[in-house]
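So, here come the structures, one by one.
You will see two complexes here that share chain A, one where it goes with chain B and one where it goes with chain C.
So, the complex of A and B:
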């Protein structure tokens, strides 16, 4: 494979990294205003000007992300596969990584759009925000293409460090500080556990690349198994699977909502794609032994996540536990461990992106004057004030609950089919039972919005960028709910086929 | 007759007309609201359009479906099939047989009547209300005509959402709790059915080689895969067959979903709450149509797919039906609230329907289908009448009434007719249905028929007692003196419901002629599948034997 091609395959990463750098420079350049004497002033500009600058930076970030998504789609369509690295492959650009890059890029793009009016509304608009977001995105791009433990670790750190800063972006809010610190401590712990696991795997097999680990694993004995267990624990921490989920509610609640959406959507997609690649490429014949472990993890995650979500009164905390529960549903696919299941998992990641961004966008749209409506009571009677917003939020929540006619149902349906075909009937029953529990807490918001008296004053107007995100997510949720793999518009886009093609590369 | 575009897609027109008009109204509302900076279309436009759309749907069902349906021909008629998610064997596949035909007619008839009866009842958020009712109608109709199990499930669940809002937004004081309870109960049941459905789907795939959710083979289409009804589902677990692939378990999964909806004792506890809190229109649709869907699910899916398990479960279901009949009647007798009384009478009447179904013979099943129609009409009329007095007095306590015959003679007269219909007086619809059910039950389990007959007596007792306390006796409450009798709209609404009640009672043969052949096809299908299961079990015995 030629060098030129290799560089082309790195295009998405390049766009995002360059975008982050330029935003940092751009912010400095824009914020400097000549004062009457013509000397650059160090005084920061007024709020209106800052909002304008912020919007401009958001456009720059969107541009970089759109280019990255376009490049990823192009690579996916072209079906190129190339390895990148000095001597041995560190990154592998294939259908799975292009798919994941496009997905993560889309999540990041939505988060940028959510931030445009949210940051000024919460009075936390600083230019670095978008740069940090893009850097974290770049890290995730590295994670999902990594076929070597070293590259994986680099990507993980690059993705994590900016996210710690983002979680604490609301400096004046105690909860946000707590969120950042907690996320940082847990994140460091995760890195340590992963590193330890990687070291043990390297010690046992003598390799850091996935293919080498796969070859050397059988001879590795207990050391290799211990390494594997630590790796799994680290990744479980990343996706917030029970019993490694304790950090998620605090971090989700404290972080600015646009950041929460970013973490929930892209972080989860990246971690699950890494898990997928690691399990399939590095440990192909260990599937059966890991299966039971994953099944237990899935069952616990679904059960605890959904039960804990029941008793939350804060919307963001509830969504955090619901995110834990959804990690459990995804793990069901991992426990099934068939080609069909990988397709279902990747499809679920698409579905999850749209419905989660949609829900968070509704929360974001209600923020004004430095505070947001994040308790369930705050939503009381909203349907009378903002009928469209209430209807859309209901749609997204029904989708999260898995009511037919929405994307969430199709996602769960494919997972359930894959699990039944893999004889995992017990897991399917748990999935179904816990989904029922989830209906109960997802219904609380629609019930408050439609069936209770108004509690608050007039909610803010929904901004254009939020309307665009809401419209796109709603359209996707309904479209995928009815046409997961049909193609009525004749555009040649079938979501399930895309997921299937991405999963094909694992064989 | 109705033009080529209507004729070829008759069922789709009937099914989607209400929802399409609801969407059209929503769109027009948004456009008008945007252009004129107003609140959107006037309420009366919404009301009239909803009324016209649901009436058109009924006319299409009556003039199109009913007249084009050939009673002589067995099997599904007016079939339409469009590929939807072909790789997973999911299609838009609809058709009617005698059973679904009468239920479609009932549904399309009840919705416009309910809209007429509650013309002035809803004021707050009227547009949303009409949108939900029309969406609900489409979902219910789609469920009745679905021949693809996935499509059935999708609409079955989707139906809950508008009903949740109808109860939760426009209901009585405890509406939130009632709506949530209704939703959770039904979702709990149907989720288990989802697992069962996926298991059947997998077994069908293993035997047929292609993914498929179609219940029967679609005539004249290049359908790949084996219809679900040809899948061999083992009756017993064995070394090669895990417990979750047996008929008993799968039947249980389906039966709980349908049993919650019917509702079968002891899964009925959501019903009284939902009925008491729901607005009149919601109650009429809930009692008239939604409950029928449970019984219909048994007929269309649970019985033919799992015949061995059905036979195995007969004693259990029959006993539960009988408990439902007697318990429902006794509880109805002691109710102080009119709506609650009618709600518990529904539990009892649906017990009859279940008894008829699980008699598993021609009389019982035919009677059950007929009784579903009768119950829909009579209970719908009862809820409408209760709604009328509630609108006047803002109370439903039986003790608050008495002697209503004097200020409201027309109301008293109509209530009398409906009460008689509900009891099952000869020459009214209820009699034919109950008689056939008892006949069938006697043929299957004589003791069950004896117990069930006591239910008829109890029904007469609680209904007539209620009638006496509300309509006759001294007019001793001053608030009741000035009550205004039913106006023309209200008389027409109830009158429309009484027409088919009398018609079925006097001349049931047009209905029976259409129901009976479909029921006998169902029974043959069950026998065929039973023998096929036995054959497959015998064939596999020598292999597994040492």
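So, the complex of A and C:
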């Protein structure tokens, strides 16, 4: 393949990385004001000016992300496959990575739009926020296209380091500090474990690229298995699967909500795509043994995630446990391990993006004056004050619970079908049972909104950017709920087919 | 006389264990950070040791895979510490303590 194409395939990454750099420079340039003596000096601008600058930077970030998404869609449609690396591929741009890049880019774009009014409302508006967000996105782009342990490690760290800083972005608040510290300690511990696993795998096989590892893995051997176990533990920590989930609720609760949405959606998608690529490309012959392990992980994650979510009173914390539970549903697909299951997993990632962003957007829309409504009681009587917002929040929660007619149902349906076809009946039963349990805690919010008396004063106006996000997510949730496989609008796009094409390279 | 590679690998495994146990049982954030660094360096040591084994058979760009990996890890570890100390500084400004047990607003 020619050199020109190789560079073209790096376009999504380039747009986002350049976007991050330009935002850093732009912020400095815009914040400069001549002081009264006429000497040019940096002086911090007032709140109104800061909000204006912040909005401008958000537009710049959106521009970079839209370009990246467009490039990824173009690559996906063109069906290009391109390797990038010295001599052998470090990054591979194929249908799976373009699919994942478009998905992650969309999640990041939504998070940027959520931040436009949320940051000023929480009084934490600083320009570097958007740069950090874009850098983390760039790291995830590297993660999902990595076919070499070195690239995977670098991408993982590039995705993690800015996210640690973002979690602690509300730096005057102890909760945000604590969230960042816990995330940082757990995250860096994880990457050290992952690194040691990578070192052992390299020692056992003599290769750092996935194809080489798969060739050298024959026979397994103690060293290779130990390395594999450490790597799987590290990845399980990243996706917050039980028993490595304890960090998720603390981090989700303490971080600013726009960042929580970003972590929940993009971080999960990136980690699962990495897991998918690693399991299928590097360890094709280990199938059965890993499947049992993944099935146990999936069952535990679904069970404990859903049970712990029952007893939460903080909305963000409840959503964190629900995110753990959803990681469990996705792991069911991994345990099934068929081409059909990979398609179902990728489709679920699309569905999960829209419903999760939708829920977090409702929480974000209620923030004002430096505080947000994050306990379930805060939502009491919201239906009377903001009927549209309450209805949309209910829709997203029903979708998370997997009620028929919503996207969440279709997602779970395809996962369950794939698992049944792979003879994982027990897992399907657990999936259905825990989904029923989840209805209880998801419905606590609608009950509070529709059946209790008002607790709080007037909620803030929903801003335009939030309305756009809410509308897009609601439309997607309803549309995918009815037409996952059909194409009523005649656009020639079926969501399930997209996921299927992305999963295509696996067989 | 060269040191057998097994010895180096066992040393790296011991270093990794010391680091992991330390990171789990110590309560001072700075000490935990140092333990995590120890774990990373155990990984580096293992990579360099394995590189010596495999460079006998590898050719071309793959000759120095392990060593190149180590360079990347060292750079990343430096960035990681910078971010970590920044987070720690923000925490110490709000609460004058380096003990992780004092950081417990978020529970269950």
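Some points to look at:
The working rule: the second predicted complex is superposed on the first by the 501 of 507 C-alpha atoms of A that agree within 3 Å, B and C clash if a C-alpha of one lies under 4 Å from a C-alpha of the other, contacts with A are read in each partner's own complex, and residues count from 1 in each chain.
Criterion: contacts are C-beta pairs under 8 Å (C-beta built on N, C-alpha and C of every residue); 3 or more make two chains touch, one makes a residue touch a chain.
Given the structure is predicted, the values throughout are model-derived calculations rather than measurements.
In the superposed model, A:451 lies in contact with chain B only, and not with chain C.
Taking chain A as the reference chain, the count of touched residues is higher for C when chain B and chain C are set side by side.
In the superposition on chain A, contact of A:381 is made with neither chain B nor chain C.
Judged by the touch definition given at the top, the superposed model places A:303 against neither chain B nor chain C. By the touch criterion defined above, A:460 lies against neither chain B nor chain C after alignment on the C-alpha atoms of chain A.
When the two structures are aligned on the shared chain, A:172 is found in touch with chain C, with no touch to chain B. By the touch criterion stated above, chain A contacts chain C in their complex at residues 86-88, 149-150, 153-154, 157, 161, 164-165, 168, 171-175, 177-182, 184-185, 188-189, 191-193, 195-196, 198-200, 202-203, 206-208, 212, 249-250, 253-254, 308, 311. Against chain B, the residues of chain A that register as touching in their complex are 384, 387, 398, 403-405, 409, 413, 416-417, 420-421, 423, 425, 428-429, 432-433, 435-436, 439-440, 443, 446-447, 450-452, 482-486, 496. Residues 83-88, 125, 128, 153-158, 160-161, 164-165, 168-169, 175-176, 179-180, 183-184, 187-188, 191-192, 194-195, 198-199, 201-202, 205, 242, 244 of chain B touch chain A in their complex. Note for the complex: chain C touches chain A at residues 9, 12, 16, 19-20, 23, 29, 32-33, 36, 39-40, 42-44, 46-47, 49-50, 53-54, 57-58, 60-62, 65-66, 68-69, 72-73, 76, 79-80, 83-84, 86-88, 90-91, 93-95, 100, 103-106, 108.
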